[in-house]
Structures are given as C-alpha cells and as structure tokens.
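Which chain is which? They are A, B, C and D, in the order written, and residues in each are numbered from 1.
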Amino acid sequence: MIIVMKQNAERKDIEDVVKRVEELGYKVHLSRGEARTIIGVIGAEEHLLPSDAFEVMGGVEKTMRVMQPYKLASRDFSPSDTVIDVNGVRIGGKPIVVMAGPCSVESREMILETAHMVKAAGATILRGGAFKPRSSPYSFQGLGEEGLKYLAEARELTGLPVITEVMGSEDIELVGDYTDIFQVGARNTQNYSLLKALGKQRKPVFLKRGISGTIQELLMSAEYILAGGNMQVMLCERGIRTYETATRNTFDINAIPVLKGLTHLPIVADPSHGTGMSQLISAVSKAAVAAGADSLMIEVHPDPARAWSDGAQSLTPERFTQLMQELRLVAQAVGRDL
Amino acid sequence: MIIVMKQNAERKDIEDVVKRVEELGYKVHLSRGEARTIIGVIGAEEHLLPSDAFEVMGGVEKTMRVMQPYKLASRDFSPSDTVIDVNGVRIGGKPIVVMAGPCSVESREMILETAHMVKAAGATILRGGAFKPRSSPYSFQGLGEEGLKYLAEARELTGLPVITEVMGSEDIELVGDYTDIFQVGARNTQNYSLLKALGKQRKPVFLKRGISGTIQELLMSAEYILAGGNMQVMLCERGIRTYETATRNTFDINAIPVLKGLTHLPIVADPSHGTGMSQLISAVSKAAVAAGADSLMIEVHPDPARAWSDGAQSLTPERFTQLMQELRLVAQAVGRDL
Amino acid sequence: MIIVMKQNAERKDIEDVVKRVEELGYKVHLSRGEARTIIGVIGAEEHLLPSDAFEVMGGVEKTMRVMQPYKLASRDFSPSDTVIDVNGVRIGGKPIVVMAGPCSVESREMILETAHMVKAAGATILRGGAFKPRSSPYSFQGLGEEGLKYLAEARELTGLPVITEVMGSEDIELVGDYTDIFQVGARNTQNYSLLKALGKQRKPVFLKRGISGTIQELLMSAEYILAGGNMQVMLCERGIRTYETATRNTFDINAIPVLKGLTHLPIVADPSHGTGMSQLISAVSKAAVAAGADSLMIEVHPDPARAWSDGAQSLTPERFTQLMQELRLVAQAVGRDL
Amino acid sequence: MIIVMKQNAERKDIEDVVKRVEELGYKVHLSRGEARTIIGVIGAEEHLLPSDAFEVMGGVEKTMRVMQPYKLASRDFSPSDTVIDVNGVRIGGKPIVVMAGPCSVESREMILETAHMVKAAGATILRGGAFKPRSSPYSFQGLGEEGLKYLAEARELTGLPVITEVMGSEDIELVGDYTDIFQVGARNTQNYSLLKALGKQRKPVFLKRGISGTIQELLMSAEYILAGGNMQVMLCERGIRTYETATRNTFDINAIPVLKGLTHLPIVADPSHGTGMSQLISAVSKAAVAAGADSLMIEVHPDPARAWSDGAQSLTPERFTQLMQELRLVAQAVGRDL
C-alpha cells in the first residue's frame, strides 16, 4: 500500500503514520518528493492491511493499494486454469459447457420435458430453480423441496447433472441432498454467512456477480469460499446494473477477458439475465463465447408466455436448438468445442 | 398494467393477449389507436400480475405498470406517518433521532466509553456491530456474541436502546436476545430468507437500501417484512453506487423526499456510509435533516485511526459533539427538534 | 402517450388534462378503472408531444410514452439496412469493415507508416485524429490542419478512405476539405449545433454514443442529422460509463443487437475505447462481430509506449495483424466476411 | 505518478520504464519490495505527464496518479474563496445568491412577468434560455436573439443581472451582447472548443457538471477556461445520471462539500435538474444550502403546465416565494444569509 501525504503535512504527521505502520508489523519505505512525501508500506500480506485507518490520520491525503486484496482466487496463486468435474462434465476445459433449463421448476412434467429437450439440443447440465429470490413477496417463491425432487428425477432420466439455487445457509443441507452444483444468486453474492457455509462443504459452487458488483468484489466473494477449503468455484457474469433502461441489465462483456486474466477459476456467462430479453440472447451468447467464456447458462422454457417467472428472457426449445447449432460454429472459430 | 402492441401486431396476437389476461382473472380495456392497439389490464391486484409473461407473446412491444408493486408500505395504505417506539425513543415523530456509535464493538471498554460520550452529546440510540459483513474473509469479522453482551451492558449503564446488525436468519434468535432493533445491512437488503424471518418476529427492523438498490426495491424488501406481520420497519438511505470515485458512495438526497412521499415508514439517513469520508459527514448530515430525514445514523469512534473497521468514515467524539450542536439549528430551521 | 391519474384525482383534474390534450391538437381515450383513470393521448405525431407539461398538472401521477421519440432513424421508417458507400467501401453490407489507425496523427512518417501497415493487415478505412478533445488543457491537442494534410496524403498513397474527428461546427469546412467521413466524438454526441450543421452537408457522419448516453439518446442525436437531410449516418458503440473501475469503460455488447433491431443505420463497435486496455481489444472485437456489428474501429500505433495519446488502448501492428486473421474466422462463423 | 511493476517484471522492463521517464524530463525514485518494484516519478508538473503510455510497456501492472491533474482550479493555487461580482451581486460570499426564472424565454410578457415575481420573492439573478439544447430535433429550440432581447429588457426593468446559455463558440459574440453570465450546459461540459473560447473573453462563466461527469472532469473543464485567462468561473452541481429511475437525475449532495474542499471557485446547486420533479425542489434546495452551496439556480414558471420545456421541474411563483422564506431560515442556521 502507498500512503500519499498532503502537501502541507507536518513532520509529526509523517512520524505518526510511520509509527502506526510499524505497529501493524509492516516496514516503511519513505520517498520525499519536492511537493509531498509518499510512504510505501512493505510486507507480504498487503491484503490483510486496513487502508481505512490511515485515511483519517493527520496529514494523509489518500491511500492506494498496490496488490490485489484476494489471494487464492488469483492467477498468481494458480497459473493454470481450474477445471471442475461434475459427474464427468468438465467446466473450464476446451469444450464450452451449456447449462440450460427453466427459471423455475413449475411441475414434474414441465421439468422432465425441458430436460429431455435441452439434452437433445446439446446442453450438458440442467438448471431449474426450486427456491426463488423474488423481489415481491406476492410472487411465486418456488416449489421448494418438491421442485428439488423433480430435478433429481430429471437427472436420473437424462443423466444431466443439475444446478439449482440455495438462498441461505440453513438450506444447504436440504438443497445439497439433491443438487450437483450450488448456485448463489446475484442478490446473495455478498451474503457472507452463506459463502462461509459453502466453503465448508465439497460440492461445486456457481457464484454470480452481484447486481452491481465489481469484478474485484466477485473475486473477494469467491475468496470466502476458497478460504474455507472448497476450491470448486465457478464465476458467472450475468449483467450489471447501469443507467441504460433499454435492457434489463448491461452484460459486461469486458469482464470475461478481465476475469480470465485475473483468476484461474472457470467463467460462465448468463445472457438471459445479462439482457433480460429473449430476442437478444442469441447475439450475446455468441459474443460471450467469442470473448472467451468457458460456459453459458441459458433459460429455456417450453412455453415462455406461460412461465411463472422470467418468461421474457427464456428461449423456446426451438430457438435454443437453433442457437446451439450457431454457437458451435463460433466456438470452433475461437478454438473451442461445444 | 398496460400492454402496448406492436404496430404490425395481428388480430390473432391481440386475441391471444386478451385471452391470457382473462385466464389470469383480470379484465381487459382495449384502445385501438391509429397506429397501434393498447390493452389495459384492469383489476385491483395489479401487484400480483407477472409482466414478464406478456412480453414474449407475439405482437407485444412492451408492458408498463400503472400501479406500484407494493401495498403495505405505501402511503395509500397508511396516510399518516408510522412512529416506532423503542423503549421510549420515538422514531418518525417531530424530534430527529440520532443513532451513534462505532462501526464495530472492539472491546468492553471501548463500547462503554463511546456509549457515554455519544449520550452526552445528545444521541438517543447506540449503534455497534458484533457480526460484521466484510468484503474480505481476512478482515476482522466482529466479536460475535461477546460484542452483543458488551452492547447490552452499555444499554444498562446508559439507558440507550441499542441497534446491531443481523446477517442471517440463523442468527435472529441470538441477536434478538440482546438488541432492541435489528439492522439489515446493504448487502442483505434482498436476502429474502432473512427478511421473511424478520417479518415473523416483533422487534423493529432497520432496513438499509441495497448498495445499488432502487427506491422501489427498498420498498419491496420492506413489504416482505410487513407482509409477515411486523409493521415496525424503518428505511435507511446510505448512499448508492455510481460512477463517481471521489466519494465511497453517492448519498441520494433525493431519496429522502421521494420516500417521504411514497411511504409512511420512518426514514433514516446514514452519512457515514453515504460519503465514506469523515470530513463530509457534517455537511451531509445537515443536508439530510434539511431534506426531511427523521433520523440519522452516524459512526463515532474514540480513535478513528485505530478503528478496526470504517475508521475513515467515523467522527471523533469531539467532532460529533460539535455536529450535534450544529444539527440542532438546522432541525429547528425546518420545524423539527433534536 | 398515456397519462395515469392519481387514485384521488378529482373530476376537475381529469377535465383539465383532457382539455389541455385537445388544445394541443390530440384526441383523448379515457379508461376509468376501479382504482384510477388512465388517459390515452391519440395522434400520429406522439414524438412532438411534451410529456413534461402534464406531469405538473393537478391529479396527474405520471406519464408514459408509447411510441419512440425518433422517426427517420427507426426501422419502421426504413425496414431494410442502410449501406453507406465511402469511395467504394460499403459499410452496413455483408463484409465487416475495419477502420484502423492511431488515436492522433503525430507526424507525416508515422501516419504513412501506420496506413501501409493497417492496409496490409486488411483494414479498409484509415482513422487518425487531427483535432483532439482532451480532458486536460495541458495535453497534446492534435496537429490540426497539418494532421489533416498528412491524412490526405496517406489516402492518396494507400487508397484508403479516411475518417477524422470534427469538434465544432466552425471546423466543418476545414475538416471537410480533407476527410471522407466526419467523426463526432462521445463528448459531442449531444452538441446540437454541431449535429445540425452536419445534417446540412453531404459527407457521411460517424456518430459515437455519449460517454453515458442511452441508446435512445444516440438515436435522437442521429435524428438531428437525418432531419437535416443527411441520411449517411453510422452509429458507434464505444463503451459506457459505469461504476466498474477494472476497465476504462464498459462495452455495452447488448447495444449491438438492440440497435440492429431499432434502426436501419450501420453499427460500428469501438473496442479500444470500449475497454481502454490493449489486452482486452482482441476478445471484445471478436465479441462485437459475433453479436452483429457491421464494422469495427480499432486504434493501432507503431509504438504504443511512445504514443502521444491513448497508448494504453492501442494495438501494435503485429497484434492487429493477428487479430484480423482471428476476426475473419469469427465473421465467417456468423455469416459475414472480412 | 507511481508506476507499479508486475511481480514477474524483468530487470530490462524496469530499465525501460526508468529510461522513458527520464526521457520525458522527470526523475525516478525506485522502491524494490519483496514482491514487486514500484517506480515513483518525481517532478513538479505531474499534471503534464501521460499515464497511458506507461501502461502498455512490458512488465507494467498499473499507474496511479499522486497529484491532481488540474492546477488553477485547486485550493492549493488559491486558498481563499473566489467571489464573483456580477453588477454588484456577489457570488461566493456569505449571502446565498438565488438565480431564478423559466427554463425558456417564451415571450416578452412571460419573461417580464416572471422577472418581477422572482425579484419580489428575493432572487437576485434572472435566468432564462434563448438557445435550448433539446434532445429532440422536433422540440422547441428557443427564441434565439429575440429571447436575448427580452432578457435584456427584463434586466433593465428589474435591475437583475441575467444568465443564459451559450451552445457553441460561434454564438459567444451574439449571446455576450446581452448576457451578464454565460451558462454552459451539462451536454457541453466537455465541449472544449466552447470552453477555450470562453476562456478568452472576460464575462463570468457558469459551468454545469456533465450529465455523468465526475467531479474531477468538472474541475478539468474549469481549468480550460481558467488557463485561457478568465478566472470568473462558477461550478454547478445539477444531478448525475445513475441507475435510479424514480427521479430524473440523482442530485449529488456529496459533491458540494467535496468541491468546497478541492477548489476556490463558487459552487451553485440546481435542484430543478437535480431532481426533475417540482415537488422535490424545496427539500433539495434546503439540503444544498445546509451542505454549503453558495448559490441556487431554480426554475420558476408562471404556469408550469403550459411551459414549453421543463414544466415538470418548475415551481410556480407562489411555491417559489414560500421556498425563499424557508430557505432563509436554513441559510441562517448554517451561518449564511439569503
């Protein structure tokens, strides 16, 4: 960390800061320029250092971090890509993994039908929500355990591993009895109670970026899970909140190559939430693959106009099947498979 | 809700939409303009209606909500202001209530000392964190139950009611044994498991706006608690995330009069998080009172440079005492007390 | 436009609104629901109607626009794609057009050398700034007319049409003596004096989205030029300003399919400004082509570390050449050429 | 400036950076930590140094500026507050100056009537637009010179100095023949042609923050005018663009104390644009004064429902008169007059 002193900082201010740095167990590197003094804080564990405290000390203008505040999630820690194996489906390798299915599991028939259809189109993981975080208390909140049972049945019949959302640490055991991958939604990206609990179990975790989370916050939230001992984490770009109202969210395509540079964890793109509009999913799915995503999560519903949630951002099975064919060409153009 | 059809929508498209609306139990009001047809959906419970589903139907251009998606939180439901009584301290009435104290309870001595000082300066509620949501797993996570005990002791010695954060539904019982008000932090504003559980108990809830939450989302999250039967909810503006990096957050001063217009619940302002910089707290505190806030939450620490968290946005007891004197004048200028 | 009245609106309020609508020459369609009255404003020219005025009338809750506020830029006006021919280079057709060159023209040798290199790599239009909008008055402001002359010389030697920025209407004549396409930068997207003047001349205009401009504002700014009689306008997505600081801007990949749906004008992507980081340009260029962009603008500099501006987001000729080869594969995968 | 090298930077990389810094005429201060090397760039004129160039050099991770990129606008340059005298009205002193009037000058009668009314209520400067930047080419664009003449007549009759917008450098002479203060609108904050031209003349300039401009960009734009030799610049906070749609803009109350700390120039608040809703203007005006604004600009219209522009954010004369009385109390509570 670098501490920039004000132009009019007094000698005593500088001495106080130096003393405080040394109290915390770090070394100091002083640089006195013509205009102002800059204090470098030296030590291996910069990510443990509070920056806040220095900013209120006399004569301090600002502090600037030199190193990243996460460790296990970084490329420095593990230069080679992490590949997560889920019952034989490998996420993070050469083939692009497509996870597909409805927003919510609405009935046994509906999830079984959708599972067969997405498998036929080439998806290798089945998604479906049983516990749903809805902004209104009056909206459908998911089928709960009943939905989990139908998902498990769909897995048995199709062989597709399943992914479903867990909304609180109190549900981990129940959801874990059925799911292959735990999904953490965008509203829970910084639910640290949940992240800590997921760090202590051993199933893979699919972590979505917060609704307006930064890339660094996403990596810090992953760090919570990794620090608990669970290294099976995949990160999902799902669009961020911006001032633009033409789309539900703004899919941050830049985040894909940025994350591939900063971390060894697999990167998933979610064009359904990233756009919020079914007619944009195809273009943005292709873009995500072209930009280097390892996996896609796409909402598919047999009858979007009758969906109990997220109908506007779900593909029909026909459009999904066509998209899979188009995606294969793009994947090959960038040296991947599908 | 209003459903706007595309210019080239066919007769069949319109009939399908009408049929779907009627299936859901609503009535239809058709308006055929020169250019396009507009379908009004009529029924008392518009907040129960899914908009998503219509947007994927053939010939639909967009849907627009006419009514607010919340009910119990709205001024229409309760035209007069809700006043919450916490051991005799009334939040939402003429006097401005100031909640003050450290970000984290760091030790018994520290919280007792701070409690006495903020009380002497005129604060009437004591804040202090025992369970801390920190973006890094390597940062201090709070003293836990030990911190709660010190807070309770501070209450006994000073008579000040206390407020502290609860991070997950699994902690409600423990935290509830000590606190007078449950605080829900900005990262948990849409943690619906937690909100539902808080709706089922009877202590007041202090609900912060999400880090980039909309005003409507804040009201919808309050609705989760109210719908559970707990009407003791206060809402807190604590700054939102924007592109501006000169401050930690952008305090949304507009939100105060907007919320006062939309809801009967008391409105609290948090200038510490709203600015992130101690030198701005005074100006923004006065602004919040001038704009109509019912209460302020301000971080105060006996030695901010040695604070274990949020030092940069904490006032010293001296500056807090001076601010309280200045605030009194502003409160009186807008017809309030302090 | 739809005018939603408040629940407690009085009969007189409704009559006043109806009267005002009729004064303005529109017809009214009244819909009295159980809870509130909704007033539909009927007339072909909704884009001419002020919404502001109604919102301050007694009893009005809000107004909502049904139709788009632009006309000549819309797909409704011209269902087939506009193709702009610049000295034989056709923008908006099947082949992806790549515009490349340095941020600033720094010298005669430098622009000639770059022109030859980008042409050899497959670019078909040469870019280069002579008048530069810089955030600091102390930064290099461009070579001015001298730079324009070097650009013209580069065109003669390579045959590549050139594009360069015009910063004010007072410079249109001068810049027009040399350039083939006028570029309007992101800080001038709503400089209406400039847009009006560009509408009156006949060279093609390359209009960038504002730094935090909405898609609708971009189309409205295009409408200024089109309304002046110049139909040769191409629109450029160049990243928007968000809270994310990991990249200079957030490239809005969604904007590409959204714009292709709303307008007939050709869409250009600028991954240099859209990311601000040279190591991200390749991934985002491929993504833009996969998402449907008609053209790319990419900054290329013979020695980015010595560039007078935008070095951090410029490719070396070697990396540009490699990117062009990779782009060709992606273009073919989505049915385009390069 | 500080240049942080990558962990794996080679000796040659470091030497190259050092050489480049020295080529540019600056000195180097090397700090070799355990993990990485940090290069301090020393020299008085850091604001002249391009950061971009270094970021593409081999082995460089990032660069961080230590000093502000502006100079004449900073408090370091002029510790005491600048007070601008406009025909005897002093902006930046103890009394709060209120500028009021309609968005657009609509007719002679209307501006004369409004001028008399706002003067009676206590305003000391008259605003009114003659050249209007409208997002639609089909909206009313202002009366032009005719409007300027009416403004000048209103000044003669009331003695109030006038302020009106100038949209391009080509209009400076014409507008300057009538106005006392040049207003630069939010869409022109980075119209550098205009700023340079305004720096060369001697009437005061009222510079609005960009629609999503940072505080630093606002100061840099002021620096363009100051560097031209015109030190009579006042800065206006008018709300920024955020994701929140409940209001037209988000008034950035934090910006007021931040700007008062960074610059000696007077700070004006514009609650009309800052909220976009007339019912919020009163609360936000009081907040701005409580936070330390030197001046307010408020839109007042004799009949907002019939305003040709911005009716929704204009006060009636009655409400403006009442607000002035309330503002006086708030001004006195914070040690100012009105």
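Keep this in mind: a residue touches a chain if its C-beta (ideal position, glycine included) is under 8 Å from a C-beta of that chain, and two chains touch if they have at least 3 such contacts.
Computed from a prediction, not measured in an experiment: that's the story for all the values here.
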Ranking B-C and C-D by C-beta pairs in contact puts on top C-D
Which chain's mean C-alpha position is the greatest distance from chain D's?
A
I'd like to verify one number: the distance from the centre of chain A to the centre of chain C, where each centre is the average of its C-alpha atoms, in whole angstrom.
31
Compute the distance, rounded to whole Å, between the mean C-alpha positions of chain B and chain C.
38
So the centre of each chain is just the mean of its C-alpha atoms; given that, what is the distance between chain C and chain D in Å?
26
For chain B, write out the residues touching at least two other chains, lowest number first.
212, 241-243, 245
Give every residue of chain B touching chain A within the complex, in rising order.
20, 47-48, 50-57, 69-70, 133-139, 167-171, 187-188, 190-194, 196, 210-212, 217, 220-221, 223-224, 227, 241, 277-278, 304-314
Can you tell me which positions in chain B touch chain D when the two form their complex?
212, 214-216, 239-240, 242-247, 250-258, 261, 274-275, 279-280, 282-284, 286-292, 326, 329-330, 332-334
For chain D, which residues are in contact with chain A within the complex?
2, 4, 7, 29, 31, 33-36, 38, 40, 42-44, 64, 66-67, 76, 212, 241-243, 245
